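In the two complexes below, subunit A is the common chain; its partner is subunit B in one and subunit C in the other.
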Partner chain A sequence: MLKHRPLMLKLLSALIVFGAWEIAGRVPVSYAFPTFIDSMAALARMTFDGSIFVAYAETLQPLVVGVLISAVFGIGLGLWIGLSKGFEWLFSPIFIVMQAAPLAALIPLLVMVYGIGLTSKVFVVCIMAMPVIVLNTASAVRNTPASLKEMATSFLAHDRDVLLKIILPAASPVIFSGLRLGVSAGFIGAILSELKITPTGVGDIITYSRSIADYPSMYAAIFSIILLAVIFLNLLEKLEDILFEGNNRGYAAD
Partner chain B sequence: MQPIKPDTRQAVTDSAVSVRNVSKVYGDVQALKDLSLEFPRGELTSLLGPSGCGKTTLLKIIAGLLPATSGEIEVNGVKVTGPGPDRSFVFQDFALLPWASVIRNVAFGLELRGVAKSEREAIAEKYIREVGLAGFEKKFPHQLSGGMRQRVGLARALSVNAQVLLLDEPFSAVDEQTRRKFQEDLLELVKNEKKTFIFVTHSIEEAVYVSDQIAILLPRPSRVSEIIRPSSFRDKSVDNIRRDPEYLDIVDRIWASLRSYVE
Partner chain C sequence: MNAFIARLAGVALATGMTLSAAQAETIRIALAEPPSDEMAAFFVALDRAKANGLDYEWTAFAEEELAIQAVLSGDMDIAFGTPYAAMQRSKAPVRIIFQLSKLVFFPVTTKEFTTLKDLDGQPIMLHSRGGGTDSIANVIEQKEGITFGERSYVPGSGNRVAAMLAGQGNATILDLSNRNKIIEEAGDRFNSLPMFEVKASDEALFANLDWIKENEEAVNILVKALHSTWSDMAKDPTIIRRETSPDGPIGQLPAEVLAEIDEFYTEAVAGGLYDPNGGGREAAKADMEWYVEAGQLEGDPATLNLEDFWYFAPLDAAMAQ
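Up next is the complex of A and B:
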């Protein structure tokens, strides 16, 4: 019982949220707010007729490409900014601005330059996901415990060893939390691009079901994207646990 | 009781480490000024002084982690220009990799030298046993007590088989009882390992207890004020050292000379 406590708590909190959703739908708080059960039924229908998979095949393209680009370039750029002393003032402001910019207002500009295809959508995902990854990586690298670097140097580490065996593992918790935030922002970006640029994939389901007042389908689509994001974030967490086993239990020097 | 004089025997003993006219300036602060000191081979020398006297700075210059502003250091007759395989360091804050198991931490120095995994783990296991941590190889640092963590740090320093061990207040972050056990183990280690130990501490009792030679450093700017070589109790059993009249006398005399420098 005690061993399954975290799982039980998760189930309990899910039960409370879905229960509240069901009640709010039954009241109803709004004509446009379906019950939980109706939404799940719509999700099941879309799953069985395959339309949800067709939609995701479309939505996942800009998402996966954008998240991969953001992760690779974001961590690379963050490392570079964190390691070099002079370039922080040049790059950090760009990403802080990117993070704060109202993206929806920039989308017409992107469409004008890159058209309404995949490129624009990938851009939106990157703009959402990249800044937090870059900024987190840079600050994590800059805050590597000095004593660990000194220790490695005293045991004759080369610069490459210091980077791969000290700086990266020490920065990994903050890099991973940046990745998690970046990925969730990327999900938002992917859906935003489908709502704002061209309705395709899951964005199309949301737009179309709203236009024909099929609210259960609309909420089912929204629910599915949240579910996917949660699953993905959990996988990311597992990956971190496997890669850096001792890291999630605090620093030895504390 | 004879007055304690700077020792003259050191000129004839073989030095593992020689510090000659070393100065260190940080900005406009003179941390070390024209400091010279010999460290006899196979012995433990303590650097003792009030805080801010530059003892850790001196240790890090010997380690090659800090450059000296002027002067030079020789280890086994070779001039120090940076960290080298002839010296290994034990850190005050342990400096263990939190993401690595005990065995990987101990073998880390060898890993950086490119020793094959099976070989370096065999060596690490030997030293883990030697410092009394057998059975903890797969644990992570956060699962160990402070004293055990420093044993890992010590095993890591021993496993690279450096001739000179540099210990920077290694026991200051562990509790008093663990500390006493450490001090006894250190005496054992000095006897068995035939290495040269340079030991920074701010504890007078600790310095007198473990040292073959004690260098008293006085601050601002730092210089060696005297060198003390306890003679009579070094060969006694560890249980009798703290009651030895010479031990008590040296502790008192060091305190008398340091007292005025302590704020």
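Up next is the complex of A and C:
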């Protein structure tokens, strides 16, 4: 029983949320708010007729490209910034500004420069995802316990060994929490770009369903993207478990 | 301490009640976009209604769908749009009370096309999937027996004009003023194809039925003001510019925009954009046929009950006077 407790608690939490959704839809809080069951029926319909897969083929392009760029360059830049004071002064203000910028208001500017195609959408995903990855990685690297580094140097470790065997493992929990936050932000960015630039993929299902008042399909599309984000975050955590076994202290997203 | 909290709660409750009482007297109008020259006639009608004792406040939403949802959820009293799909699918008890403008749009193409039939298989630029121009494209396909090629969506007639001028498209559907603009600027490159007459509504004023019945007097004042403005405008379109209050949202627009109001309304009235009688049953019937054909409504237009979509009493009262 105790072994299954996290699972039971998670199921209970899902039950409460979906139950509240169902009740709110039945009251209804608004004519534009469908019940949970109606939304799931719409999701099943979109799954069986294949339209949701066609939509995701479109939405995943900017999302995957943007998240990959953000993860690779984000962690790289973060390490660099964390290891060198000079680079910190040079780069971290840029990312702090990016993080604070009201992105939705800046989208017209991106469209002006990069057009309405994939490039603009990838940019939106990167602007959402990258700052939190970079800043988390940098601060994690900077906060590696000095005693560990001193120990390594006193054992005559090379710089490379200090980085790979001391700094990275010590920083990995925070790097991964940055990645998790960054990837979630990337999902938001991908949908934001599809709603604000040109309606394609899941963004198109959301806008089109709303314009023909098919609210169950609209909420089904929103639900599906949340579901995908949760699955992806779980996979990310499994990856962390494999790479840095010692990090697992039990997360809520297990 | 408890007494203090009780008093605080009392004050909060009293303030809330005063506020809601004040709100009940002021009608809340949801605009689907920020005020522009195309709304000048509506604001003239609002000023006329205000002179007859109507108190109103307006809020501009970023999109028409948000304005519709605000009315559905009761945050706003009246909005613009053609929420037929919402009325039928979500059984929302909202009704249209006045047709503000008709779906007067024109297919504009490069010179290589001269009739609608030539557009068979050709890609076309439209406003949005499920929107007004999309429904026009659907009906053109059915009436002409053609199928358009790929539909790409570029929101805003002005943006589609820019895309056409930049050579990014060969065919699009534009509103009256943008059609005139592109033909005036580059009539040697583009054709405005002949289009059948459409009586269906592009923008209509709608509200929650219960709210309409509870606020019959305010609604009657508003519809009467709209009817009188639309009738006067049909006789002399320049009254819109003359009656626009310099302190109102339209009067505050840049001078260049204001200078074009006369031209816009003269062309629009000549182009049949406005029905001086507010649409009424004729428009409602045309809407049923149009929106069924366009795929927004389901059922047989002949058997759909007009009263499920329109509330005619305020317009009938205004017409009777």
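By our rule, the second predicted complex is superposed on the first by the 247 of 254 C-alpha atoms of A that agree within 3 Å, B and C clash if a C-alpha of one lies under 4 Å from a C-alpha of the other, contacts with A are read in each partner's own complex, and residues count from 1 in each chain.
The criterion applied here is as follows: a residue touches a chain if its C-beta (ideal position, glycine included) is under 8 Å from a C-beta of that chain, and two chains touch if they have at least 3 such contacts.
As the structure is a prediction and not an experimental result, all values here were calculated from the model.
J.: Once the structures are superposed on A, label A:244 by its partner contacts, choosing first (subunit B), second (subunit C), both or neither.
T.: A:244: touches subunit B, not subunit C.
J.: State whether A:92 touches subunit B only (first), subunit C only (second), both chains, or neither.
T.: Touch partners of A:92: none, neither subunit B nor subunit C.
J.: First (subunit B), second (subunit C), both or neither: which does A:148 touch?
T.: A:148: touches subunit B, not subunit C.
J.: For A:31 in the superposed arrangement: first (subunit B), second (subunit C), both or neither?
T.: In the superposed model, A:31 contacts subunit C only, not subunit B.
J.: More residues of subunit A are touched by which partner: subunit B or subunit C?
T.: Of subunit B and subunit C, the partner in contact with more residues of subunit A is B.
J.: Touching A:156 in the superposition: subunit B (first), subunit C (second), both, neither?
T.: A:156 sits against subunit B, while subunit C stays out of touch.
J.: With both complexes overlaid on chain A, does A:210 touch subunit B (first), subunit C (second), both or neither?
T.: Second partner only.
J.: Under the stated contact criterion, what part of subunit B meets subunit A in this complex?
T.: Against subunit A, the touching part of subunit B is residues 63-65, 83-85, 87-89, 91, 93-101, 108-109, 111-113, 140-144, 149, 156, 160.
J.: Across the complex, what residues on subunit C touch subunit A?
T.: Touching subunit A: residues 65, 68-69, 72-74, 83, 85-86, 88-92, 128-131, 153-154, 295-296 of subunit C.
J.: Under the touch definition given earlier, write down the residues of subunit A that touch subunit C in their complex.
T.: 29-32, 198-199, 204, 207-208, 210-215
J.: What does subunit A use to touch subunit B in their complex?
T.: So the residues of subunit A touching subunit B come out as 145, 147-148, 150-158, 161, 165-166, 169-170, 172, 244-247, 249-254.
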